[in-house]
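Written below as structure tokens is the structure these notes are about.
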Amino acid sequence: MKRIADLLFEARMLKEIPRSGFHFLGVGRESVAEHVYSTTFIAFVMMQLHPEIDGRTLLSLCLVHDLPEARIGDLNSVHKAYVTADEGRAVADLVQGLAFGGRIRELIAEYNAGISPEARLARDADQLALILELKDLDDIGHHPPQSWLPHVLGRLQTETGKALAAAIMSTRRDAWWWQAALSREKPA
Amino acid sequence: MKRIADLLFEARMLKEIPRSGFHFLGVGRESVAEHVYSTTFIAFVMMQLHPEIDGRTLLSLCLVHDLPEARIGDLNSVHKAYVTADEGRAVADLVQGLAFGGRIRELIAEYNAGISPEARLARDADQLALILELKDLDDIGHHPPQSWLPHVLGRLQTETGKALAAAIMSTRRDAWWWQAALSREKPA
Amino acid sequence: MKRIADLLFEARMLKEIPRSGFHFLGVGRESVAEHVYSTTFIAFVMMQLHPEIDGRTLLSLCLVHDLPEARIGDLNSVHKAYVTADEGRAVADLVQGLAFGGRIRELIAEYNAGISPEARLARDADQLALILELKDLDDIGHHPPQSWLPHVLGRLQTETGKALAAAIMSTRRDAWWWQAALSREKPA
Amino acid sequence: MKRIADLLFEARMLKEIPRSGFHFLGVGRESVAEHVYSTTFIAFVMMQLHPEIDGRTLLSLCLVHDLPEARIGDLNSVHKAYVTADEGRAVADLVQGLAFGGRIRELIAEYNAGISPEARLARDADQLALILELKDLDDIGHHPPQSWLPHVLGRLQTETGKALAAAIMSTRRDAWWWQAALSREKPA
Amino acid sequence: MKRIADLLFEARMLKEIPRSGFHFLGVGRESVAEHVYSTTFIAFVMMQLHPEIDGRTLLSLCLVHDLPEARIGDLNSVHKAYVTADEGRAVADLVQGLAFGGRIRELIAEYNAGISPEARLARDADQLALILELKDLDDIGHHPPQSWLPHVLGRLQTETGKALAAAIMSTRRDAWWWQAALSREKPA
Amino acid sequence: MKRIADLLFEARMLKEIPRSGFHFLGVGRESVAEHVYSTTFIAFVMMQLHPEIDGRTLLSLCLVHDLPEARIGDLNSVHKAYVTADEGRAVADLVQGLAFGGRIRELIAEYNAGISPEARLARDADQLALILELKDLDDIGHHPPQSWLPHVLGRLQTETGKALAAAIMSTRRDAWWWQAALSREKPA
């Protein structure tokens, strides 16, 4: 149990780490934990659209995909040109002494391989979580998302991912509450 | 797809909402999205300890359990003495027009009922996420967690939840990296 | 005196609570305490324009109008479609044991009724405080205020409120210091 | 009306300025606007205890007492040993062209003179707002308030101010909600 | 040594003080310490372009130029119309008892005089640090930098300062990494 | 000049990056830019104590020592067990096309080698900047600095570094202004 408590404090670290991509974007901010939440929630939606896939695995892939960042930090695409992370060693230290450590290692390996249907969806969910932020910041009037969006959209691999991205890109950030709030404010 | 994009922006709102309990605690802060991340991750751990439960459902329960807060706000135990939230109506508006809206409604209802083994674990995960924060702040030297912890610990319902809480309470927040960092700094 | 100290700590809580409307707006931020400051200051200005009204009451109405939010949280117009707050009970608990508790209860009731000339001005001051924020954010270049402003302007009830709003809307956020700073920088 | 809009934007500036004393304290933070809110609310309480004083004036004194900080910045007691502010000129520029500018000038002068009963109470409210913060931070476990409190307490001039300070110092920051929340959590 | 430790804590204070100009700008933020970093780094660049100047002095001028703000606060151009800072006394108290206090005093005097080639460059570096922020915020889409930039650019005194400003103004904030990241993302 | 503007925007990035060590400490925060400011200022003090060393080089070493973090991120001692940064390549890309790029490369190499007297002092300044933060947080009452300080103190290499650390450790964070403020408040 002691090692499980360690794991929980390690997973908690993701709340302290800001996503470094936003430092380059120049606007917006989220913690890695918030990003994992978004990614996992998007995967939950994908799971409803894909009854054939293993939902337990899909959600698990998303939940653990950034866990190594507790020991490695949040490396964005600029960093990755210069930095090599021994993620294997980070995962080994993370799971050492954990009864179910092997399962975490498998999930992270499956996510990184990106071959299984679940991993392909999880990886698109990861990109969609960023697309959602960029669209939100674009609606608010910030300029940088306009240059970023084509590149992030280009990373999507699955039809479902692309369809969700198209839906996000054509929806106002506040459409979900705006119309209803308006009708309440000015009843016919 | 349009309504799915709405759902994603609605779920994104949880990143903007701070957990109001910390305003009363006087120290610490987390967004509702960060709390959902912690809760879901704790449930992932519980899932490894309980091969008999439905992991897909357990993770889903945690992921959606605070979704109504996008429309309702984050009500803590002080607020709840004065505020009645029509969560049913919030969920109805949330899922209206969504093909899989019924599934979200079922999950929120199952979480609120708190009867199924998955719901009981999910509810304990929700409390454990707060216990983890309180222990972290207590280790740092802040006083309020000492008065809060007995009450939050008292809300736990499952044996697994209690065992995890005991493990958290007896583990230093930085034990997961401290010993290793020390040994690297001063090699024998 | 003990209960007065409680009241002061309760009123202090408004400094910890962010105005939730800004979570929906997507930009800007203020605490409820800052909002009460703005509202009360605007009322101070109204008081100068209306020698016939009871200034002591007007300022008091503004000062206490969001006091119940310490126990209830900051509910915006989206929240209010789903949440019913028993403000009466919150106020009862707030004033219980306070020698001048009855006066606070009367003021909150008068504000909520919105009938007296002072309450009508106070309610417009509350909206003007938001209009001031929206105009400020609009001048900076953020888009959401453009959709919000017509609706908030439409809530104003008094001629004075409307005249002040028109003045705010036609004034640059930095006009009060810009011209003077310019003339100092480049003396003729 | 144009000059009134300028005044509102100028008063709004106090929301952007952090109280510089907290930089020296090392913990805590509030905007000048939040401090004015606290000061004015404390004065509202004093007004209930002193039916003989002019409440309209007392509240007005508090509301405008830090208005010159929009042009001057927030000078704390360390700064004041080195900086001389021409508050008269700041107020002159602030009120220039305002129909009720003379009233604002009078109020600021009355506050600074500190002779009228209302000004004496307002000045104590200003100190009590800081005492409330220090007590709050002390309860949380931060050390610096212990050295500061004797000095700030020593600045109080009125019996009412001293009595309120004594009440604050003997009251836990969370007493106003703690007992009730406890009784709800564990009904007999 | 005791007085040197005092000096280090005093210099550390600049990390707590936000640059007040950004309160007037309405967007962006930096601490005085961050500003000193930028100023000194820009001077390091100037030093490479000017082998004839005394680099040690140039960097030292920049490092200490805002040191008096620890005792005085950060006064911007609006404040300076109303506030007179006895910087001499602040420096006297700062260096009192320091073996090398005379050197700090000389450097601050040289910076303020703005006559030596090093001081002229240092003063331009101070303005360039602000121009860099304004250009960054302008690229992001915020409006206020457009009105500020002509005035800040107009304060530059040296040819090197003007050339650097021209280069900053014609360079996108993200040009340094954008092209390379693009080429990595889409290899030919 | 275009490449110099790129360099300035790259150096500016350090203002956006929080020092990741504080995520592990659990309290406090500084940007890398603030850390570079502190390091360089401490080196300025060392320079006064060591007239024999090359001050221009010492200050330059400190100014550029974390420049590669713009491309690599802020790697703390936990990260470094898992991550290998190709700092050479980051520096190559940083200085490519810069007339004085060779000088920056030399300085970073000299800092990393840590052999020259200037590099040894610069490296101690880097640690002292952290010690200053830890002592500050310790004085405020936070617990983690007590476990960290022995290890950070143990990294110091020079007699000057050790003497400065001893002075910091025996000096209250507010001693530089406290006594004077007290004497002003209560004149004899």
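A, B, C, D, E and F are the chain letters, set down in written order, and residue numbers restart from 1 in every chain.
As a convention for this text, contacts are C-beta pairs under 8 Å (C-beta built on N, C-alpha and C of every residue); 3 or more make two chains touch, one makes a residue touch a chain.
A quick note: this is a predicted structure, and the numbers were derived from the prediction, not measured.
**Student:** What chains touch chain A and also chain C?
**Tutor:** Both chain A and chain C are touched by B, E, going by the contact rule given at the top.
**Student:** Chains touching chain C and chain F alike, please list them.
**Tutor:** Chains touching both chain C and chain F: A, B, D, E.
**Student:** With touch defined as above, tell me whether chain A and chain F contact each other through largely the same residue numbers, more than half shared, or through different ones.
**Tutor:** Answer same: the two copies use largely identical residue numbers here.
**Student:** Once you find the CA centre of chain A and the CA centre of chain E, what distance in Å lies between them?
**Tutor:** About 38 Å separates the centre of chain A from that of chain E.
**Student:** Starting from the mean Cα coordinates of chain E and chain F, work out the distance between those two points in Å.
**Tutor:** Distance between chain centres, rounded to whole Å: 18 Å.
**Student:** Could you say which residues in chain F touch two or more other chains, in rising order?
**Tutor:** Touching at least two other chains: 24, 71, 78, 81, 136, 141, 173-174, 177, 180.
**Student:** State which pairs of chains touch, listing all of them.
**Tutor:** Chain pairs that touch: A-B, A-C, A-E, A-F, B-C, B-D, B-F, C-D, C-E, D-E, D-F, E-F.
**Student:** In the complex formed with chain B, which residues of chain D make contact?
**Tutor:** 136, 139-141, 173-174, 177-178, 180-182, 184-186
**Student:** Residue numbers of chain C touching chain A in their complex, please.
**Tutor:** By the definition above, chain C touches chain A via 24, 26-27, 77-78, 81, 141-144, 147, 151, 154.
**Student:** Quick check: in the complex, which residue numbers of chain A touch chain F?
**Tutor:** 13, 16-18, 20, 23-24, 68, 71-75, 78-79, 81-87, 89-90
**Student:** Can you list the chain A residues touching chain B in their complex?
**Tutor:** Listed in rising order, the residues are 1-2, 4-12, 14-15, 30-31, 33-34, 36-38, 40-42, 44-45, 47-49, 55-56, 59-60, 63-64, 71, 93, 99-100, 103, 128, 132-133, 136, 163-164, 166-168, 170-171, 173-177, 180.
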